[in-house]
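The structures considered in this document are given below.
In what follows, subunit A forms one complex with subunit B and a second complex with subunit C.
Let's turn to the complex of A and B:
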């Protein structure tokens, strides 16, 4: 994580998790799509404070914008309704459809941006360490951490295998069909070599006393501060407040 | 003092495609000495290392016959986690010898101590010491995945040495390294020996074995064919019958002895070769 002195970045993982938790629950409690859309600026504001706004916006634009536009258009056209706003041939957009897609996309935007931001500001190491603290097995947290560390390694290795297969005459470039065909000779060795490596990896872990039963220590300490506690309590109170409000309005 | 004693060890892997079995292996390992195991591929050297470190029978299955005593206690009765801090193990592939969960070399080296539950301040002190000793300060903040083979192997050594094991089993540490990497690794081995560690080393670079070891075992087909002091074993032409190879100096000596029986002291390293040849020239 960049600069550790940052207030947001220094929060405890479970405190940071309050953001996606709050967003996910609250947008179902408050039925207005405007409220759900407001979650995006909220996330951007938090990203700005945490100093990750650039990467975060990049993720939103690249990953979310196209998806949301697509869903919006399809939903507007397909959804049944009476009030026709605009029509062209057999295609017609109805008011109900627009309302439905506004609600749907607002929720997708809210939940996705909250989770994207959470994983931007929280390292997997912190998450797994926090989970280990509340009783998750070290074996399980090893599996999570090793997987995330392994992803860049896998992509590096697949490039090596790709080159090796190219040298053997497998065509890996060109049309979509050729590239799809090249997938099998690349994927096979990649999976097999990874499996072959697990035995040596297990032995390495054994040499580092991984299976020792006693208590382990950790160089990186996570501290839960008073600020963490107050933020968590505040968010939970706010959620309860919203829930109660929702029930009252219902009745 | 005897640290390890093997009596009639027999072992066969459950899936026997590599043919590396052990037959009637007997030996004794004394504290503070460096033992080298040589022999051609498939002679059972790595299998023997696995038995000494307890991966056989604790990790690999298959029937282990005979007795292997470490400090008088049978390997089957040892707990794997106790063995981790007793016997360090380093093997040939530098690329799989990283924990895979640490972002920096410093943390990677600390991993074993974290698992043993050592106090944080103590860990930091010990890791810093090892980094200084092995001269890998420039790597400390790098990602272990992004190192070269030689650097990874040095980090693997550091990660094991930091746990301060009495015995080190080192299986072909330099087989994937360049000459510079090999030299660095042997510097570390030399340093460990000076610290009084007991070392069991599998290696093919015979000149380096001649220079560093005290005793040599020659293995072939799962058996220890020859064993003894390094000077004795590496000057025996018989070693060549097992395709284990000899140092260049010994090969030269054997050839000279064949031409002139007066040249009867077979040298095994550079200084001995110079001495013997000068003696022979002055005759």
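Let's turn to the complex of A and C:
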């Protein structure tokens, strides 16, 4: 595997996947919101070591802050309860509502930050290669990689088509109805040209023996090391340990 | 043509998945450029499901939500909605529901119901009613007047989804109707769209003969 110059980035994809797996299982095993909130600092620490902390925090703030705020507002307004902490007019914040929203948001923040971090530190190429090794069809790993190529390409083409339609006199500004009407002349040619493109792509792939049966080779190599194995085993043992502990407390 | 889970994933159908995902993304970008108050984030899924069937459509929906969750993690929880939209459109297309305009509108209503019935419980149980999108303000308005989370989430979801999904299905229908017969004949579920075109052509021919 090419060296990415960092211990965490160099790990095998399935080892990195242990992080979201561990977080998702453990927060349901340990029923305290403090534990679930501890997952965010854990993820930030891993992001710091991997050197992606800035992008990671940016995504967390953009994707989660507003959501958590909304949950707090909605829950504290509607949840029934006696212990009123603060009230203003008909709006009153109750202790039960705050507790409920703490539990809800802690789980969402934990799961979301673990998955965000996983996709930050693992390249899509690595994921598809690892899945192919487990037994996924190479056709699907091509589809995954092609998707990431297509999005910027089609986005660029949509702007070209929009300019072309504007030049032909299609109105893209004005009342709501006018703007809605402009949607079809932009999207129609975009879909039809992309579809025509897939036919050409299919022919090109077939000439390179894409659907022949047999073992495919890859230029992109992935290797599992001993560190990967030991980290995976450690995490699984830890999860089992937590599960056993939970069952013991229950009884 | 053989249909079903094992036969639907032809090479052309697999190549259609990335196009569908990219269309979902780009159509919501175009919506932002045109400053429209709608999402339109299922058009790609609908187009793919119409011509390539329920399973390819469901894969497109799942892939869209997975890729969106790279930047917006909440969409991961709403993957069942996209999958159900793909499956439902695929089966409706299999039974020829997109041959006429009014059956297409009925299909759009069916998709709306599916999206509301599957999406609202996820929104309430996982996020306590919030989604982190603009729809939350509508939910908030309903919440202030009814004080009941289920009623408000359902009402706001019906309000937003009905316009969004029915228009998406209609636009997808018009686009698929414009596809060439040569291409549609290669797709497993494309024949219901070809049939109608041929009839139209026959009528035109008669008129010319007169």
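We take it that the second predicted complex is superposed on the first by the 237 of 251 C-alpha atoms of A that agree within 3 Å, B and C clash if a C-alpha of one lies under 4 Å from a C-alpha of the other, contacts with A are read in each partner's own complex, and residues count from 1 in each chain.
We adopt the following convention: a contact is a pair of C-beta atoms (placed from the backbone, for glycine too) under 8 Å apart; a residue touches a chain by one contact, two chains touch by 3 or more.
Because the structure is predicted, anything quoted here is derived from the model rather than measured.
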Subunit A as common anchor, with subunit B and subunit C clashing or fitting
fit
So in the superposed three-chain picture, is A:214 touching just subunit B, just subunit C, both, or none of them (first/second/both/neither)?
first
Tell me which partner A:66 touches in the superposition: subunit B (first), subunit C (second), both or neither.
second
According to the stated criteria, A:205 is in contact with first (subunit B), second (subunit C), both, or neither; which is it?
both
Just checking: does A:28 make contact with subunit B only, subunit C only, both, or neither of them? Give me first, second, both or neither.
neither
First, second, both or neither for A:194, with subunit B first and subunit C second
second
Subunit B, subunit C and vertex subunit A (Cα centres) - angle in steps of 10°
70
After the superposition on A, what does A:146 contact: first (subunit B), second (subunit C), both or neither?
both
Counting residues of subunit A touched by each partner, does subunit B or subunit C come out ahead?
C
Once the two structures sit on chain A together, report how near the CA atoms of subunit B get to those of subunit C, whole Å.
5
Shared contact residues on subunit A, subunit B side and subunit C side combined as an intersection?
142, 146, 149-150, 153, 197, 201-202, 205-206, 210-211
Residue ranges of subunit C touching subunit A (in the complex, touch as defined):
9, 11-12, 14-19, 21-23, 25-27, 29-31, 33-37, 40, 43, 47, 63, 67, 69-74, 76, 126-132, 136, 139-140, 143, 147-149, 171, 174-175, 178-179, 183, 186
So in the complex, the part of subunit B that touches subunit A is made up of which residues?
53, 55, 59, 80-81, 84-85, 88-91, 93, 95-101, 103, 107, 110-120, 123-124, 145, 156, 159-160, 163
Using the touch definition up top, name the residues of subunit A that touch subunit C in the complex.
59, 62-64, 66-67, 70-71, 73-75, 77-78, 100-101, 104, 108, 111-113, 115-116, 119, 139-140, 142-144, 146-151, 153-155, 158, 162, 172, 176, 179-180, 182-184, 186-188, 190-192, 194-199, 201-202, 205-206, 210-211
What does subunit A use to touch subunit B in their complex?
125, 142, 145-146, 149-150, 152-153, 197, 200-221
